[in-house]
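Shared chain: chain A. Partners: chain B in the first complex, chain C in the second.
Moving on to the complex of A and B:
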């Protein structure tokens, strides 16, 4: 009976809780749909999107990419350390990952503040609607991710850490597609 | 049936079936008015009859949920209901509120807000009814076994009550009015009702297929996870053209497209369970309704919903007969069928009859399903023609309506077929199968 209960099909082979992977797949679908939407809108309105992209701060976006990737590395180290050296040893790594997550948000906030100062809001045009929606949804997931990392740091089992890290890597991965698509691709 | 107090479900099932028949009768009335405009015009105007059609539907589905919960929860929690007496008082109070609303409607007393037309005092009665119910079932679960099914069911039922509270808030700003109106209407049928549906379906799968509880629970968590993930922000698909910012068009389009996922998962779930379960339960009709429920919900809510959920499509189809097509098939597939599945499973146990009149019940299934399916297609075609003539070619509303006459006649015909099917369903559930009972008595050995 238990053997059957633990059988989640291919999800069983993935680290962490299988339900987290259901969430991750759902998130991928949502962001995937938004990426397709962005690409299609860009084809339909090339001038508007070029102008919009030119107004974005590539350096800050690039910095945020480094911050988030490093944070992902720290989360991965937390899981690794937890398996060999116990729960206490993983906490500094998790704390580092969360701190860098907060840095990402701070940089994002300064970027938004700059846009707002130039009068560029979510309703300015189709480009900014998608820009704010995609980066905003992503930033919301960074917030959630920090909370998730906090929870698994508190309830510090290997499975929980793997579950939290999986979510954090998804946040990472989405940014790695979002950044070049929205900021770089011309 | 293992617990005496489960019998209070009988009140609710009987009430639900009565209102089901009334709902369909009033559906026939308004279907007739559409094609014969002066039909009953002095006595029962279209808007009043439509109110009764839609309100009766909602009330009987809720009554069915209450009855299903009163049957399911003692069995899952493995304890008698906290207070059967309170459940019976709650039933009569609910029925009184519903009857008072209908009588009021006939005298043109209503608040006019679509689906929430009940006068304020009746809304407050409904809140009291909900509190009595939630107190009763929650106390039962608290003193008994807690399972994933009872947890999800309670979450859904509490959600129904909480979101109903937004019906009491009616801001004068028309945009805010609509925003919160959808918090009742959408977050019910595309949110918390799905939790109720999934948990009842999970219960039926355990009972009918003999599959392990642990397996069913995994599916249940995935299904409700998908339902809430897609359904809550899916509310955005109602925010396209009511005066809210345009970014809702993106949010609504993306998330409501994913609302297909939980319904698809329910189809895979039910068929996998039957395939892997291996138990051949005597109540074949209940299994037919359970499988039919997931399939029809997938098409009605999922596919027909997706058909017009993307903002650029909805720009053309909004408020046409496409919406009516979706509404009919979705309500039938998801919530009518889950209720009838539960009634079909529970009634033989409650009345201590063997699964009875199964053949008649299954005829009811096929005839009703055919009727609703044909109606859905008629309305879909009507909606496509209407969208094109009205929104693309720019013809006037009434001019277009004249072009749709044939479809409306077909819808009425489909409604008559549906009514015949409903009578068979109700008959098969209420009236004992005499010939069969006699035959069984004859072959039973004397003891």
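Moving on to the complex of A and C:
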């Protein structure tokens, strides 16, 4: 085990699977570029962005943030319980994390449906293009995260669970920057 | 791992979640109570970005357990966060000062 860990060089200092940390850093940089692009577009088209942001429901976005951070907490507890008490004890925590992930998607879908009902789509203007691109790309990560949590719940080793939960926390981390930038900075 | 260690781990995760929930409530509350592009709006923006930074660090250090890694890794991830959030703040301020109805 130590020999295998040493093979990763400086990455072996990181908890869990080192490749997951490469993915986390890559995703932070990709989404970071999108966030800066959003802020630049806002600088260039302040009126369009102000009107677009005014159409967003801050309370609903805040609720979704609470749902996702609670889901992240449950995923972290799944790892803790798996490490301490064994595989079966972690399943309710993991199931709770996945259920809240599905709640996040349901709330996001209701938000999209409301926008569509008001005729606001991805081609409406530059604000909505970036809004749907960023939140949609993130929602796809949530879908993938739920699938990953399901797989590591099935193949329930500590390392698998740590790696799957790390992906889920990365999805959480991205939302914690996306939410204030898109919904709160007006 | 001792029973006490496991208990402390669980408490640490619960504390991190409580901080995340409280800061989310704070930033949403500040945004709902202030206008946009005004001094009050600027205050809520600073609150939102500061809360975002602290929340991201909580997730990294406690949920992702980055605190177990070396200081250089924590510095790298902190730097990435600061660059992204710092650029967002600078560009927001530029938009506010550029607008005729700004500060």
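One rule holds for everything that comes next: the second predicted complex is superposed on the first by the 180 of 186 C-alpha atoms of A that agree within 3 Å, B and C clash if a C-alpha of one lies under 4 Å from a C-alpha of the other, contacts with A are read in each partner's own complex, and residues count from 1 in each chain.
Keep in mind that, in the parts below, a residue touches a chain if its C-beta (ideal position, glycine included) is under 8 Å from a C-beta of that chain, and two chains touch if they have at least 3 such contacts.
Not measured: the values here are computed from a predicted model.
Visitor: Is this a clash or a fit when chain B and chain C both end up on chain A?
Guide: Chain B and chain C fit side by side in the superposed model.
Visitor: For A:66, decide between first (touching chain B), second (touching chain C), both and neither.
Guide: Once the two structures are laid over each other on A, A:66 reaches chain C alone.
Visitor: Just checking: does A:122 make contact with chain B only, chain C only, both, or neither of them? Give me first, second, both or neither.
Guide: The first partner, chain B, only.
Visitor: Where does A:37 make contact in the superposed view: on chain B (first), on chain C (second), on both, or on neither?
Guide: The answer is first: A:37 touches chain B but not chain C.
Visitor: With both complexes superposed on chain A, which partner does A:112 reach: first (chain B), second (chain C), both or neither?
Guide: Neither: A:112 stays clear of chain B and chain C.
Visitor: Just to be sure I read the superposition right, which of the two partners does A:14 touch: chain B = first, chain C = second, or both, or neither?
Guide: Second partner only, chain C.
Visitor: Which partner reaches more residues of chain A, chain B or chain C?
Guide: C
Visitor: After superposing the two complexes on chain A, what is the shortest C-alpha distance between chain B and chain C, in Å?
Guide: 15
Visitor: Kindly list the residues of chain A that each of chain B and chain C touches, one partner per complex.
Guide: Chain A residues touching both partners: 29.
Visitor: Give the list of chain A residues in touch with chain C in this complex.
Guide: Going by the criterion above, the answer is residues 13-16, 24-25, 28-29, 32, 35-36, 39-40, 42-43, 46, 50, 53-54, 58-59, 61-62, 65-66, 69-70, 72-73, 75-77, 80, 83-84, 165-166, 169-170, 172-173, 176-177, 179-181, 183-186.
Visitor: Contact residues on chain B for chain A in the complex?
Guide: By the definition above, chain B touches chain A via 212, 214-215, 218, 221-222, 225-226, 229-230, 245-247, 250-251, 254-255, 257-258, 261.
Visitor: Would you mind writing out the residues of chain C in touch with chain A in their complex?
Guide: 1, 6, 9-10, 13-14, 16-17, 20-21, 24-25, 27-28, 31-32, 36-37, 41, 44-45, 48-49, 51-52, 55-56, 59-60, 62-66, 68-70, 73, 76-77, 80-81, 83-85, 87-88, 91-92, 94-95, 98-99
Visitor: Touching chain B in the complex: which residues of chain A?
Guide: Those in contact with chain B are residues 1-2, 4-5, 8, 18-19, 22-23, 26, 29-30, 33-34, 37, 122-123, 129-130, 132-133.
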